[in-house]
């Protein structure tokens, strides 16, 4: 019996001592950290992609908790989860105009000339460093898929003409492809923008078209047709001023002879006068 | 030409290439190994021939199989797997049951190489991974030695060689007693030294008229192979030299202290598998550091550790474990021995 | 949270008592559970332990059926009672209460780790009659030959451990010799292929016997008085 | 070296019977924290420190328990005290040395549930080590843990640059690597014990 | 101290590719005729592009400035021939991007006698005047880097330059233009060196020549006075002996610290071609309008050293030298560092020292890329003593930041020695270029 | 935490089954590895260890679940550990009472169940949030998964390493045991091999599923 009493007593003593120590420690040594940060971080997708503009999900969570950012800024999370976070923190969901990556080139292997047969590391950047990779158009896509590889969300696939295609639904606008493309062909654009110039070639007229059938040849018809200053010609290239996006309309694309300016609405629409591309296989080396 | 059509290749510099390839290097190592194998077969007989054939073949088959499974292009063409097979065979006792040798070969390739992605990515020496595995799995069989130059070694196999798969090999003492004229102790020179302080004459060690693993026999032939490889720059001479140096650095003071108890450095160098290991295994490039300083650190580490295990450990032979441990710290060695860039000054 | 909130979170007075109460209660509860279990299982465990020792004991002391524990103290051999400090010595007796031998523990580092054995000593023939391994981590297939190898066990039919006339140490140290070269009764024929383990046995027997044999011989009467 | 000399105990715990590779203690953190060298290093240091602390605590508690003859409470007391000690260390660090906390702190909670720590305490008791022996043992165990962790981290980080087949990536490969390391550590068997 | 004991006469590491120089080293420099159209890029040098001084339709005389320097870090361009400006527009360049170029319609042969020039008395000029004159001549490094020469003549004030090193190594295989210049124009070379020495204010000059060109050494020695402040020194034939850091180590035993310029160890390095042309042009006040180009390689029918007007399309040069039917790869520069071109419309520029044409690509590149087997060959080849093996492995896992921060990526000068020796056919240099390019982009964006 | 969704679980079959596979503590979550490797050199040890751990898991987690509303956050770890340690000590003595041989074979690892991260992990992640019923069922599932994993290692290691299963010799006299399997490296290798197999099977299944999906899209 004594045995039992000693044991129970000892344990009680031990428990109390430990609890006391912890209580004291808790008072003396406590460093406050808002538990909500952890909770919110758990609700984030942990992609650490940076699309929200912070260094990662944890930082985003911290900023959410102090109210610097709004849950909607995370474009990777599902809408419901963001709503849950918003409810939990009692803040506005907030929203960010959904953005997607857009490619300013349409020169697939079936329409754009190539002069040289690049052999070496399979990478656009590598090719670009070897005399421009052999593509006729010095501004165009090299088609070696650096962007496809860098996209963590599988939002880019190379089509059969070695041209990257962005799957809008998967793109989180993280901007990795924008950074990696050696030809700077990607940019993040609000998904609602319909008018788009898919070319960066600065050559004019026949010189441009000799290198790529679908190049902007600088004819200026889109600029003439579009209302106001919506489209202007800069260095032989049509440039859209998205601050005037409100009066964007399809008229701008209708007379484009090459189809370099397009209307994006449930697919890519070209004007009536645009060349019809029938060629399916790659152009031979020239 | 004038016509631009003819000019198409776009490449990055340099446009010249030295012609030595991985396959050539590996092939030359095989050439250097052939005399070692031949001497071993001559000394121990057909059993060793079968042993080497088994390890090499199983290694090649496993490699082919793993390449198939993992969708890599077959790497049989680079010869490296032949080296693995031969070296594995050379590290086993002459009468080692063939089925165990096959297990060793399979493990060598699977666990030592394929698991990590094949040639160039393995972290430890595949041949030694195979041997360490069977050493731990079949400790009795792998310490059953038979003497060299037995009469009838070309007409008769060592009885344990053809043990049925998964069965225990039968003891071979009786068979050896019946064959050899003098009483054979079943001990290698290392064991004799360690447990009985009996030293084996150096001439015997040099020519390989002692018992031991199939390939740890003639130091001279192994050295010649090493010199050939080093001269052709297919092997880094610093590695074997470093290992031997390391071995001497540790063994010399002990020998000077108590020559009766501790072996002399020359004996340390020539006995056991140290020579074979130093020349052909430590020099395996894949699992050794690349940095100039790292190479020395690595080789000295292995040499010193070998002797430490031999003198103070429970095993008579330490070189295999020393190399595996060397392989294990090789990434760390590489890390702390990055070369100094041209023109970089010492921090003073 | 404002700073005030933070402070209350930390200094919440109820919290302190709750913490103390919870831990204290849980600790008491656990103490209770453990002590009950302990009391309940104690007899069975003691029985198990006794059985285990006796099983080993009766194996190393042929013919023994009962036992008595002694302790070797600085003053000599004493009967084991609580809190007597020293090396334990188990004496085994036959049906008639005659001393059949004593058993002692010995230990030394083997191939992997320390090996512990219980060996039986026959004070009349002054020889070691057998041993049982209590704990060892030697390699199965190699190190465990010390148990399975018949040749090796043969060493312990009558391994001589005669006290030196001076009353200190053994007359002949127990030494290991290479397999097949045993000529003297105090030599241990080692197992080739497991030399390390078998030498460890020799070493621990020698170390232990050097110490205790003279004492046993001196105080043999006490042990014989036994039961 | 004799079996109970401090040197032998240290080396045995650190290398010959390495806690991780031969005794299977502390496997979870070994697998979890060995992906990067610098975290492995910090974890190793943290473990050495906590092992030392808990070994000393355990020595004291055991002395007390033996006096009260309530050895059966040993396990509970050990673990409770170790857990609290770890928590205390963690809080102290967080408060007074945030830099050290950032380096080691995140590992401390993990250490609470690390068998190796409790293992040290239990083994030193069952082997009846003296105080100095206990300290040597705990240091050896900690150093051995760190060695294993660093080797593993070196190999794993090295393999990050390799084209490891997708099936063997991750836990399977880590396990096999641990196996290989353990195989290599068998070479140390018997080291330091006299074999004359 | 130990260093002094162990340092050999040359730098550590490096490689020994076969040099193939016998193809052209015995052939004297010949003048190439004018092509119909010349293309003068406004940016054929490091630094800001030049600003055109001419308009389409305007007539120019050979040697007349047609573009002026845009500030100190830039050089003017001169008309390589008499003719009419056809246009100023984007034209392909050897490196890939299109750049603004002046297109010149060349008049027939007889009109090319007139030369635009402006004679100076160089001996009377002070330092600044010489430097100005060098800039006016449009001189850039003819050794391949195309760095404006006058910039190099004005070292940062904290560096005191005491020695001029003339780089006559020409370590690239096939190329012999510097060799021919040293043989045929030693007087101009020495004149140029003395001029530069005066501008730099140095007492000593060393001409470093690889010991496979001992004839050049002897010729130059003949032109030196006894106890001359200029000396010639033969250095071991080893690639890349011509890299300025290596050469300085070989001739002076000084090591330029990583990321530093030669002037940090008191040295100015100039290519012998640069010096010889300066020696010729400065007194006449002419600009750089032509240069010696070695055309060689198995794909060329008539290899040789040609004096080529700047702006000549590569196609024209190739037509003139003749190419075999199997010609497959045209390399501008030498085979170790030069780059292949895809468009033959690109012009010869000031820095282009050679053109090598290969037939089959198999002969120089065997087999597919294999994993690094860590043979360490690359480490013992790298003259910068880097760890290309590690850099290569990091590159394949796209860890470019670590390459730069921990493994000195930026000290690699892309000599290609590592790639040359790699038995696994790993295109190391190409990986390094990718890495540098990504890092540059990221830095620019940050 | 009002805003957070209610995570109390309804008891379904899945509550139990999850532990066997999806959340298998060993193969999937890699928790509690030390006993998994250390005591699986024979099937009987593995079984005993599995059962002991399951008992501790279920018992301690039940207690934690019962007390979940009373334990202040600051002392929760200490409390959990004391609870776990109590049950471990009980098991420890129980096994000693049942068989000393078994106790010796399992070595210190019975006591080390205390620090088995699996148990504390479940207490933290599950029992502290769920009602008693779900906790018990889930604990049983996890325990079964743990035992299963131990057994799958133990059987392989015993068969290869000693040529027997649950102590019964399988292959007769002459079988050559693979000693390495009962040595430390063998534990790692066998577990690694199981993980490899699972990864391989998983990958193949994934591939098949992908293919099916593609096929569905096409039609």
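For reference, chains read A, B, C, D, E and F in written order, and residue numbers begin at 1 within each chain.
Please note the rule applied: a residue touches a chain if its C-beta (ideal position, glycine included) is under 8 Å from a C-beta of that chain, and two chains touch if they have at least 3 such contacts.
All of these numbers come straight from a predicted model, not from anything done at the bench.
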Fewest touching-chain hops separating subunit D from subunit E: 1
Remotest chain, subunit D as reference, centres from CA atoms: E
B-E against B-F, pair bridged by the larger set of C-beta contacts: B-E
Farthest chain relative to subunit C (centres taken as mean CA coordinates): E
Whole-Å separation of chain centres (CA-atom averages), subunit A against subunit E: 41
Subunit D and subunit F: spacing of chain centres that average the CA atoms, whole Å: 22
Distance between the centres, which are taken as Cα means, of subunit B and subunit A, whole angstrom: 53
Distance from subunit D to subunit C - Cα centre to Cα centre, in angstrom: 28
Subunit A, residues touching no fewer than two other chains: 3, 7, 10-11, 14-15, 18-19, 22-23, 26, 30, 115-116, 119-121, 126, 129-131, 133-134
Residues of subunit F engaged with two or more neighbouring chains: 74-75, 78, 82, 85-86, 89, 93, 179-180, 183, 185-186, 189
Multi-partner residues of subunit B (each touching 2 or more other chains): 4, 7-12, 111, 117, 120-121, 133, 136, 139, 314, 334
All pairs of touching chains, each written as two labels joined by a dash: A-B, A-C, A-D, A-E, A-F, B-C, B-D, B-E, B-F, C-D, C-F, D-E, D-F
Residues on subunit F engaged by subunit C in the complex (per definition of touch): 67, 70-72, 74-75, 78-79, 82-83, 85-87, 89-90, 93-94, 96-97, 99-100, 104, 161-162, 177, 179, 182-183
Of subunit B, residues touching subunit A in the complex: 4-5, 7-12
Contacting residues of subunit C [partner subunit F, same complex]: 15, 18-19, 22-23, 26-27, 29-30, 33-34, 37-38, 40-41, 44-45, 48-49, 51-52, 135, 139-141
Parts of subunit D lying in touch with subunit B, wherever the complex brings them together: 37, 150-151, 154-155, 157-159, 162-165, 167-168, 173, 176-177, 179-181, 183-193, 195
Of subunit D, residues touching subunit A in the complex: 68-70, 72-73, 76-77, 80-81, 84, 87-88, 91-92, 94-95
